[in-house]
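Below you'll find the structure, written out as structure tokens, and then a few comments.
Labels for the chains are A, B, C, D and E, by order of writing; each one numbers its residues from 1.
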Amino acid sequence: ARQAEANTVLDLTAPLPTAVPPGTELKISGTQNKLGFELSGLDRKLPFRVPEWPNIAAGPDVINAFRARSLDLAGNAGIPPIQAYGFQLPAKIVAVRLNPKPIYRFATAPGTAIQSVNDFRGKKIAFSVGQAQGVVVLRALKAAGIANNEVTLVPLNSPQFLTALQSRQVDVAPLGSTDVFKYLRQYEKDGARRIDTDVVDLLSILWAPEAVLRDAGKVAAIRAYIPLWAQVGVWQWEHPDAWIDEYYVKSQGISRQQGEEIVRDANKPNYPADWTAAIAWEQETIDLLVQQGFTKPFAAGSLFDRRFEGLAAPAVAAEYRGSPR
Amino acid sequence: MAADVGQLTTAVEVRDLVRRFGERTVLDHLDLTIPAGQFVALLGRSGSGKSTLLRALAGLDHRADGSGDLRVPHQVSVAFQDARLLPWLRVLDNVILGLDDERRGREALAEVGLAGRERAWPGQLSGGEAQRAALARSLVWEPQLLLADEPFGALDALTRIRMHDLLRELCARHRPAVLLVTHDVDEAVLLADRVLVLTDGRVGVDLAIELDAPRSHGDPRFITYRERLLRALGVHPDGGTRARP
Amino acid sequence: MAADVGQLTTAVEVRDLVRRFGERTVLDHLDLTIPAGQFVALLGRSGSGKSTLLRALAGLDHRADGSGDLRVPHQVSVAFQDARLLPWLRVLDNVILGLDDERRGREALAEVGLAGRERAWPGQLSGGEAQRAALARSLVWEPQLLLADEPFGALDALTRIRMHDLLRELCARHRPAVLLVTHDVDEAVLLADRVLVLTDGRVGVDLAIELDAPRSHGDPRFITYRERLLRALGVHPDGGTRARP
Amino acid sequence: MTQVISRPVATPAAPPLTPAHGRLRRLGPGRAIPGGRLAGPLLIVAAWSAASAAGVLDDRILPAPWTIWHTTTDLISSGRLQDNLLTSLQRAGLGFTFGLTAGLVLALISGLSRTGEALVDGPVQLKRSIPSLGLIPLMILWLGIGEGFKVVIIALGVAIPIYINTHVSLIGIDRRYVELAEVLRLSRTRFLRSVVFPAALPGFLTGLRLAVTGSWLSLVVIEQINATSGIGYMMYQAQNYGQSDIIIVGLIVYGVFGLASDALVRMIGKRVLSWQQTLGS
Amino acid sequence: MTQVISRPVATPAAPPLTPAHGRLRRLGPGRAIPGGRLAGPLLIVAAWSAASAAGVLDDRILPAPWTIWHTTTDLISSGRLQDNLLTSLQRAGLGFTFGLTAGLVLALISGLSRTGEALVDGPVQLKRSIPSLGLIPLMILWLGIGEGFKVVIIALGVAIPIYINTHVSLIGIDRRYVELAEVLRLSRTRFLRSVVFPAALPGFLTGLRLAVTGSWLSLVVIEQINATSGIGYMMYQAQNYGQSDIIIVGLIVYGVFGLASDALVRMIGKRVLSWQQTLGS
């Protein structure tokens, strides 16, 4: 890491260098990522060394790791970069993948009569501040034309959502696909329901702190990494069986059946050649958070480093470059 | 009421008492009967088992290894060899612990010469003062049996004489049976109706002291008693300094 | 080497010693000089300040309120009024604490009659045994000044005589200055070169005992000394039981 | 002096005299420095200020003390700090009271009877070795997510150190004092009041010191669940919106309250243990 | 007996005699029930089984013991449990060792010198009143997100109870023993070894008991950050996939290790404190 620091300092607007200097290292988050590269064999194409793949996922942890220079590049949803902005950690989004199919579904507590989002009025909804699930709730209410004060937002952490439903402490909670299926298998007979919305958590992004983006060697490495990252995503989509066996069953210790459910519910890779929609989406998220009164308004565009915009899409087949939504 | 000697009953009955610590038998089939109202002094070498016997009589040796049959009255007072004042209670509170009669406590403290020290902490007392406070604690109870383990060990000559008087008065008033451990043979002869010497885990000498009050050190019978007891304790009683048993 | 009386120097010098506890002045401008090698017995009423003086000489009263100038030799041994054995060290380890001479420790324990108890815990000793262990601890050091606070209080007559002999032998061998607190006037006259009585915070009586060895209780001079001291302590020395000061 | 002649062997030692008080090396720590305990924290603040002023400390990582001061006054003038503090104080206070009672009662049951020990001690040890994270779901199922649940979680955290320290002191009471109580035929309540409680008091107070801060610490976790105010809630929100200065204000509030409550318990301890003659007193 | 006549007033009391050992009410807790401490946990397991078998306990909320047993054997036969346990044990062990050392050294510094107390005690109190949540960002910043950071967080959690309990015992040492050490002119090291350590040992052991389980508890938080194995990681993962049975296996592992390590410390305590004559011994 120290050696990389000695590399050429790069302006944030300078054209992306292409040559990766020998000895360049990049610390990239995620065991999932690592496994994808290894299984697809694409790791052999990486023109730099990855000394470690820190297993950090949660936004605050990634931000801390960025600060500590323990991490150069991370994959997250759209919210952590907004939080980093608040923490005065300058960082930029360097790659975008869209998830046009909803990741989160609403589940209702056993015995409630809720049929659709329109029935949310006057109900207790699990709400995790500053997490993707929280934004999903806000968006769904907005889409249904329900004001925030027409419902009771129960502040909870996402790990407690399931428990809160089981104990009927909330009427509705947004659950990820794994939780939804498991929950319904157990509680559908008691009258629990799943309510699909078209509210999505659109963005999966790669992002890096500005300090990393000023390092010419690392920038070149990231530039080389993004196309491969896109290809790994495609590889996973195209090899579901291998992926389920190696990742979900062997590495994560869940059953094959559960792995299949997750994969079946996953989004098809979608790397937009144009980030305009993504930026607009991020701006909407910012505005929703501003509306709650905690973040100062700012332009989402400042979070994106558009020099990297054209890298992912050309690296994959046309069907994976689909337009947003 | 006048004393009726014929009415005397028993205050302590010990049959076949055995107490062991590990391999050492400290009390070895000891028998002892003390009539009610009798004042018994217990002598014995250091480590001979005097405290062990007292603890057994007090019912305190739950954990000890041994056997035997012990009978004592209901109301027993114990003055331990160590003063054993609770360090977190003021002197007065220590004295009236479990009795809660403040007036009686103050009286008792005054009797042992500690008037004015009621509110001192035990840690602020001198050795002799602590011993007297502990004595006061055992006396406030007006017991039927008083077990006192060297209650005067840390007292100077004058204070000791005063405590003797105090004990005598108490005996005159309530007629408890007393078992007093002491190392001072003169004290034993001076105070007791009967003196025991503990040897080899049994009562080796059992001597009734038949002297009239007030007793005097100069009395030839006193000196005879004294010499007999000293000899039983292994000391050549001529007052020489190099007695070898 | 033969004793050279002219060479005697000072072992203890106390000038103007004041010690107070709260409002009570326990030592009140006390002066005291003890020549090297002298055996001094200290008598005094319970609570008169004997232990306070010894603690001051030992340099232990950091917190006490008072003033004065105290000078003592470098090597001082202290036998506390309570045995003060560390409960977590076995008897032998207590005796050789800070000296680490096991042979010497065993010897000293044998000298005080505790051979075979080296590995006992202090909590398993009888009162007199603990006191003897503490005595052994103060003797292993061959001090220039021995401060002993009632070291024989819990000992029976015979054991006491043996400890007297032991102390005498030690004195003959190493000639330490000794300041021995005792309540036993006979013991004081028997052992000491000089007897002090502490009264009202000062040395009230300072009596040189000029008796030849072996000293005997029967010696008329012995009896004279004894009577003087008892009177100084407020006891009528005829051996009567009801002395009133 | 004639008797000297009768002593046979050595000459008396002729030692050079030293002042008695200087002869011994003091092994105890000496007198307490008044207010000395504040020296450490003040030094830390001083170092922090210096590093901020010198620019050594990145303001984005740890804002300067004056920035924090500013944020604090803002939070106070908007009333946010006080409101949150009040809620937290109520929660902590309630949980603390219950936890204290439960810990004490359990320690007494377990310390004074063997049956009690058999029944109580194991489950308490079990509870304390299970992370509260693992208990939260069960607690939610049983108690819901309201105040009751929060107070119980705080109380559980408080009860543990109280229990352990009190229980250990109880079974550590000098047997001699128990014997004394037996021969004085103290009633069981009297025995508890005059012997057991005072003897176990130092240990209990240590447990109390661990417990008071413990009650505060639980808030961080608890106030993430269905809370709309409280110091923990304030910090959690600040974390989610990247307001690092508010987080630090929260931490300082924790620090101040921790030090203050600890000092309070110590002060109480000094008073009620005034009989103790110890190294530190 | 002639001397009786010389006594003036009362007749001797003629008391009915009682056996000496029956006269006193035992105030101590009596002998320890062997293995009694296990009674409580066993009762809990029994109740759990009964409730599950009777269908009172909703299997979706708390799976039956046999389900858990099944999951456990699965986890063991796949090697997952052992692997995770080993990692956690190493982390906890390392953190425990450092925390123990740090807590002890700090307690000694602060317990034996007033300057040390002024400098050390305040910051330690500060540290312990600040939630680790607040410290994690700073720790990551200074130490990175590798093992170092994890071990330090565990160590900090361990050091606190060790420090508090040891420090309190240190300043609570009976002054009489310090005086003894002074007149024996013990060297400082000897004083520490023969007086301070043994006297502070009971308190230290209590701290140790709180610390051993403390080291385990930290793992739950720590192993969520950049860990790929460990019991905490296993539970975190299980949570992400809604595998409540694995979470419960994790909790049981915590419970078993907590009870076992506590029992170990107690056993050591019994041995090294064999000189004690206390209520509980």
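Annotations for the structure displayed:
Keep this in mind: a contact is a pair of C-beta atoms (placed from the backbone, for glycine too) under 8 Å apart; a residue touches a chain by one contact, two chains touch by 3 or more.
Composition by chain, UniProt nomenclature: B, C = ABC transporter ATP-binding protein; D, E = ABC transporter permease.
Nothing here was measured: the structure is a model prediction, and the numbers come from that model.
Looking at the partners of chain B and chain E together, the chains they share are C, D. The greatest number of inter-chain C-beta pairs in contact is found between D-E. Greatest Cα centroid separation from chain C: this falls to A. If each chain is reduced to the centroid of its CA atoms, chain A and chain C end up 85 Å from each other. Separating the centre of chain D from that of chain E, both taken as means of CA atoms, is a distance of 16 Å.
Averaged C-alpha coordinates put the centre of chain A at 41 Å from the centre of chain E. Between chain B and chain C, the centres computed from C-alpha atoms are 26 Å apart. Among all residues of chain B, those that touch two or more other chains are 58-60, 76, 82. Shown for chain A are the residues in touch with two or more other chains, namely 60, 67, 166.
Counting only residues that touch two or more partner chains, chain E has 24, 26, 28, 61, 141, 176, 181-183, 185-186, 195, 276-277.
Under the contact rule defined at the top, the touching pairs of chains are A-D, A-E, B-C, B-D, B-E, C-D, C-E, D-E. The residues of chain C lying in touch with chain E in their complex are 58-60, 76-78, 80, 82, 84, 86-89, 93, 97-98, 121-123, 137. On chain B, the positions that touch chain E within their shared complex are 1-5, 7-13, 35-38, 56-60, 62, 69-76, 144-145, 171-177, 193, 208-213.
Chain E contributes residues 60-61, 78, 80, 136-137, 140-146, 224-228, 234, 237-243, 246 to its touches with chain A in the complex. Taken together, the chain D residues at the contact with chain B in this complex read 176-177, 179-187, 190, 194-195, 198-199, 201, 273-277. Only residues 21, 43-48, 51, 81-82, 113, 124, 126-129, 132, 149-150, 153-161, 164-165, 183, 185, 190, 214-218, 230, 233-235, 238-243, 245 of chain B touch chain C when the two sit together in their complex.
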